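Here chain A shows up in two complexes: once beside chain B, once beside chain C.
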Partner chain A sequence: MSSSNESIGAVPNLTDLGEKVQMPLQRFLSDYRESSVAVVSVFVVITIAIIAVFAPLLAPTDPYDLAVVTVADKTLAPGVIMSSGQTAYLGTDGSGRDLLSGIFYGLRISLGVGIGSGVIALTIGVFVGLIAAYFGGRIDSLIMRLVDIQLSFPAILIALVLLVTLGKGVDKTLIALIVVQWAYYARTVRGSALVERGKEYIESAHCLALSKRRILMNHLFPNVVAPIIVVGTMQTAHAIALEATLSFLGLGMEQTEPSLGSLIANGFDYIHSGHYWITIFPGVALLVTIVSINLVGDRLRDVLNPRLQR
Partner chain B sequence: MNKLSHICFAALTAVLVSTTVSAETATIGIRSEPSSIDPYFHNLGPNNAMLGQIFGRLVDWTPGMDQMIPRLARSWRALDDTTWEFKLRKGIKFHDGSDFTADDVIFSFKRADGYTGGNSSFRTYTKGKSVTKIDDHTVHVSTKAPYPLMPNDMTTILIMSSDAKGSGGSENFGIKAKDFNKGTAAIGTGPYKFVEWKKGDRLVLEKYDGYKGPLAQPWSKMVFRFIKSEPARTAALLAGDVDMIDNVPTTDIAKLKSSADLSLSQGISNRVIYLHMDQQRDKSPFVTDKKGNPLSKNPLKDARVRIAISKMIDRDEIVDKVMEGVAVKAGQLLPEGFFGRSSKLKPEAYDPAGAKKLLAEAGWGDGFGLTIHGPNDRYINDAKICEAIAQMLSRNGIPTKVETMPKNVYFKRASKGGPDKTPEFSFILVGWGAGTGEPSSPLKSLLMTHDKSKGHGASNRGRHSNAQVDALVTKALATVDDAARAKILAQATEVAIGVSQGIIPLHYQVNTWATRKGLKYNARADERTVGLDLIKAQ
Partner chain C sequence: MTVFIIRRLMQAGVVVLLMSFLVFSGVFLVGDPVDILISDEADEEDRERAIAGLGLDKPFHMQYLLFLRGALRGDLGESFIFEEPALLLIVERMPATMELALFALLIAVVIGIPLGMFAGFRPESITAKTIMSGSILGFSLPSFWVGIMMMVLFAVHLGWLPSTGRGPTTEWFGIEVSFTSWKGISYLLMPAINLSLFKLALVIRLARAGTREVVHQDYIKFARAKGLSGRRIVLVHVLKNIMIPVVTVLGLEFGGLVAFSIVTETVFAWPGMGKLLIDSIGMLDRPVIVAYLMIIVFLFVIINLVVDILYSILDPRVRLGEIRS
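What follows is the complex of A and B.
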């Protein structure tokens, strides 16, 4: 037993690699900081995340409480005082909801659904991708053909069909987005893992007769993390946009608990009547969220790509 | 030379005149497309409107639904209590050139009555009636009991040609719905002939030169484009893509009114928007306690609770805010001016204190929870009305959730989505347009005790049941004297709505059409958008 422990400890390259991780982290940070746009984006994303998490504390009213929201306040212009005595800084929507509160709560749903579905899809995708790459052969073909089939359909189509069958609600939207996204992760992970699998350190791990689980999780997985981070960031932005699209089309969220997409759809009804604020403000919030996440993702891709490093 | 130029000029004018005449095409943007061209496939508003232009009816309504006018029937009279005679117009030809006779009427009734595979049938209007041919242009329609509403029922059945050829099969006389949808069987006597139907896109009709009717056909060709999205329909009119749109979104009415290039027409409809409440089940699936846990008792079975809910609804706010002023508060089944209305029933006033008192009396002073279900693409602002009602009830101690869905999903679930094909929901928003122009149709369908064998309460999705209402409506349906019948119908309405609040009426729809300048649409109480009523303004 002890001899086997020693032999694991005697895989010197791996431990060395582990120590070197500190150095790349510092280099990563200094590389990242070179783009001021990307730095600003990170702060924007953090701010949005804080708003989303603390929405119930920050929002002036609870836009989902039907006992408070009243249609008497509908389509008030920005700055007008609502019947509750509070000021609607960004105006109200067609149901009388304060838009500022609506946007705060909407961001909560958008980020929650985007990140939540991303994390679960990532977990599934990584697991499936690693298995495909590691075992190869029939398992690989089977999984990858499944991925191919799914990726040959547009994501929005799959999500639409799923939601029409499942119905509305946060949980159902989450399921639809997970189903849509896992294939992207699986393909990315499988590609990177395939390259890594042929390298000497995996071969030596094989020679040491380490368990498959251990090779997969402790050796293969850490070396495919970089592309996953990049794909994960981009996919989160994608998922947020997809959720907004579904809500805009009237699927996705419940009518009385609108996300950003539902708020934009709500305002779309008033597009000819001059109540611009109902569409514009949630639209801007969505735009800023997606663009800043994408900018962060872009920068991460540049920084984490060894070919682009000087 | 001079002569030649004259001839040239004449020829040129002739060409110009003929091209302008043949170019008289009206393009109309409508919200809802028919579900079929087969006249008996689906008893649905858009079908009855569109197909009424291809097929004729024996009797029709004036646009205001205040009077029935003869169409394919020249005249009608009651021979005795149980037999009506309809004299048919002579010299009418179908689009294929064949003559219109009593055989076509009998064939149409048979096909409508025995229709299989459709979405909702016309059997309500054909059941219990036997049509016999007396001569080529006379038919007798007889019933077992006295039936004063015979002419009213005749406004619902479209007449097709008995010579129409179908693709075969044992059902529906070998004529399938798809034979109509392709146009081969779509042969009527109406003012317009079928040209093509592209599902989800457009229906094209062409003027039928052999048409004989009281109104001239203003257009040689009509293109009905289906534009479901509200802002897109407005945009199509503003951009000049269409000459007219129906169902002008209430949010856009003010803007369109102010435009000098457009003109609007508005009219109150025979459609009441109302709420059903589950009065059958002791455990109703969408009635809960305030936290959302199931209740063992159903408060909606208590009339006091139903009246309290009606008092919690601020109809002024619904009309002013949700409908942007374009609707009329309702307290019964038909708006002012219609036959058989009650003069006593008024729209319930917003009275939260009174509602609270009634709830406490009924033992529900602490309130309970509800979910309101409704369609989101059927009635004007339907989803928004559901949300406003949920707000009003939530404010007054009945926390209410909202669930809306597209009409094709909604109606199936609302009618037979529960166990044993019972209504699935507990508290729903629906509308009812009285096609017969008087309250017996909604009383019979919505408020009489549900009885499939008798055809009563066919759309009574709350399963309201009141023996007094049943007796009064049965009596009214067999009363031949108009004045006496009107009185009994009013009385039945007063019991069904005023006393036991079987349903909660909210408002009557007001429909709005918008045309480009130079055109005018005669607003119709039956909500139909038809070519004959789109005329050139003088």
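What follows is the complex of A and C.
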């Protein structure tokens, strides 16, 4: 609250316009802060992102350095010292790799694929959705028919078909996740853009004979950003979960580039022999990632929803 | 009405044809099954005979047309591995998957509706808030992860339930079922709960939203004013009215359950068609992959078609809007 008082104090002759320009971000932040769970989730997400980005610096060992990893270290319990002299805080997996380091590197791949596919799918979806809403008519019905058909099949089935066709690997999983996700963005954007298109500012932009490109990008697009942010957050969590599922089924990542899903799948072979940690710890990392992103998304939806604005 | 149904049927036909092309051409590109199926010692002549035997010597479009011609007669090709018709292989495993999916649906409805209704009646109570947070988890957790955790807890750690496989089956109207004995149910319980979690969360949400809307309606006020017992109001007046959206959505989601059973069946080694698909992918058994995907596409198209037609009967605006446009 004090920050908003200061800004009003700093600009005494604040006009109505000035207030509207400045307020949304502050109101957004103070609304968001009301939920402590959501604030904690943001910090968790940031921490996970930092771990993912700096995994090579933070991880105690390089789990894929074949000079260090030996099979002699396989399935060590958490806290046991490896033959390299380092402590395996979370134990080691079936090939003798330090699990903590494996999780750090796995987060990197899981988050990278989840966010990367989300950003590309978002770009495609926004573009297609805006075009559908703005031009309407035949283009609109063609695009939306395609979106409807795709969304009538579960995401996992479409991703499965694509990966069966394309094979394993980071790039292929990325493609599968993009194809699965773009339709959600397209539908969301089209929905909000249709509402916005009927408003007077678009009409006045038409009257000013602005170019279609300019109306689309400078007028329509900024007004559909809020729902995109919400859908984007939720979709990122979905994409990470979907990638983990596909890798678990043996269709996503190669074993040389294990994501959290592949780590869990590796550990799954050991749960009956009592080496629970190989599955549980990557599982916990996956859980924390997905749940915290979802909680952030949930809060964003409440805060950015104009119908709930106080 | 007839025009609407004919249009929808044609559309469904186009979707099936389109998907058959996508699936067939997609799977056609997958690795070369010849390398796996024919031993290295085979000479060139043997190889060629085997390739011709599998029909792989013909150009792509011929293979596709032959596949379509077969598909129209209910023949989706023969498995490379089992040397049996692919359709038969899948149909043999269908009862296991259907049993799993129906049980999951049952669990979702039987547990989800009371929980959702409770959360709708007392939205501010702590129990209701716990239920709703639980349903967020049900939506966001990957089902294979929950399955593994359930397995670690109930099968490996506590030893209460068997961890993998299907229990003893008995024949019931010619279909193999496993829920007729306690042993069979003990095998069925964990996979079914695992598969149901997502739908359970969905049912809770729908039931809660429905209840919150219905309790403010005049007919509920009237029923109260008439002096009906709380029990009767809840079980008859509220329940009946919230069932409409629940039944619609569950009907639509049934195909999703069958598709998602791929994951559950892999975790719990449940011998259904989803596990067959994953095994076939591993062995590059193209005809089985194509046949499975075609059956699923067909299932989805049929479900969507039926729902569309039912909707148009119930709500004439749907079909009128379409015909005009």
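As a convention for this text, the second predicted complex is superposed on the first by the 289 of 310 C-alpha atoms of A that agree within 3 Å, B and C clash if a C-alpha of one lies under 4 Å from a C-alpha of the other, contacts with A are read in each partner's own complex, and residues count from 1 in each chain.
The working rule: contacts are C-beta pairs under 8 Å (C-beta built on N, C-alpha and C of every residue); 3 or more make two chains touch, one makes a residue touch a chain.
None of the values given here were measured: they were computed from a predicted structure.
Participant: After superposition on the shared chain, which partner residues are touched by A:250: those of chain B (first), chain C (second), both, or neither?
Facilitator: Once the two structures are laid over each other on A, A:250 reaches both partners.
Participant: Which of the two partners, first being chain B and second being chain C, lies in contact with A:272: first, second, both, or neither?
Facilitator: both
Participant: With the two structures laid over each other on chain A, which partner does A:149 touch: chain B (first), chain C (second), both, or neither?
Facilitator: Once the two structures are laid over each other on A, A:149 reaches chain C alone.
Participant: Identify the partner contact of A:40: answer first if only chain B is touched, second if only chain C is, both if each is, neither if none is.
Facilitator: neither
Participant: So, does A:195 touch the first partner chain B, the second partner chain C, both, or neither?
Facilitator: After superposition on chain A, A:195 lies in contact with neither partner.
Participant: State whether A:95 touches chain B only (first), chain C only (second), both chains, or neither.
Facilitator: In the superposition, A:95 contacts chain B only.
Participant: In the three-chain superposition, say which chain, chain B or chain C, touches more residues of chain A.
Facilitator: With both complexes superposed on chain A, more residues of chain A are touched by C.
Participant: Per the contact definition in the header, classify A:25: touching chain B only (first), chain C only (second), both, or neither.
Facilitator: neither
Participant: For A:217, select first, second, both or neither according to whether it touches chain B, chain C, the two together, or no partner.
Facilitator: neither
Participant: Could you list which residues of chain A make contact with chain B in one structure and with chain C in the other?
Facilitator: In the superposed arrangement, which is not itself an observed complex, chain A uses residues 250, 268, 271-272, 274 for both chain B and chain C.
Participant: In the complex formed with chain A, which residues of chain C make contact?
Facilitator: It comes out as residues 15, 22-23, 26-27, 29-31, 136-137, 139-145, 148-149, 151-152, 156, 163, 255-256, 259-260, 262-263, 266-267, 278, 281-282, 289, 293, 296-297, 300, 304, 325.
Participant: Would you pull the chain A residues touching chain C in the complex into a rising list?
Facilitator: So the residues of chain A in touch with chain C come to 141, 149, 152-154, 156-157, 160-162, 164-165, 167, 237, 241-242, 244-245, 248-251, 264, 268, 271-272, 274, 276, 279-280, 283, 286-287, 290-291, 294, 298.
Participant: Inside the complex, what are the residues of chain A that reach chain B?
Facilitator: 65-67, 69-72, 74, 94-96, 168, 250, 254-256, 268-274
Participant: Which bits of chain B are touching chain A when the two form their complex?
Facilitator: Counting only chain B, the residues touching chain A are 230-231, 234-235, 238, 249, 251-252, 254-255, 317-318, 321-322, 376, 383-384, 386-388, 390-391, 394-395, 399-404.
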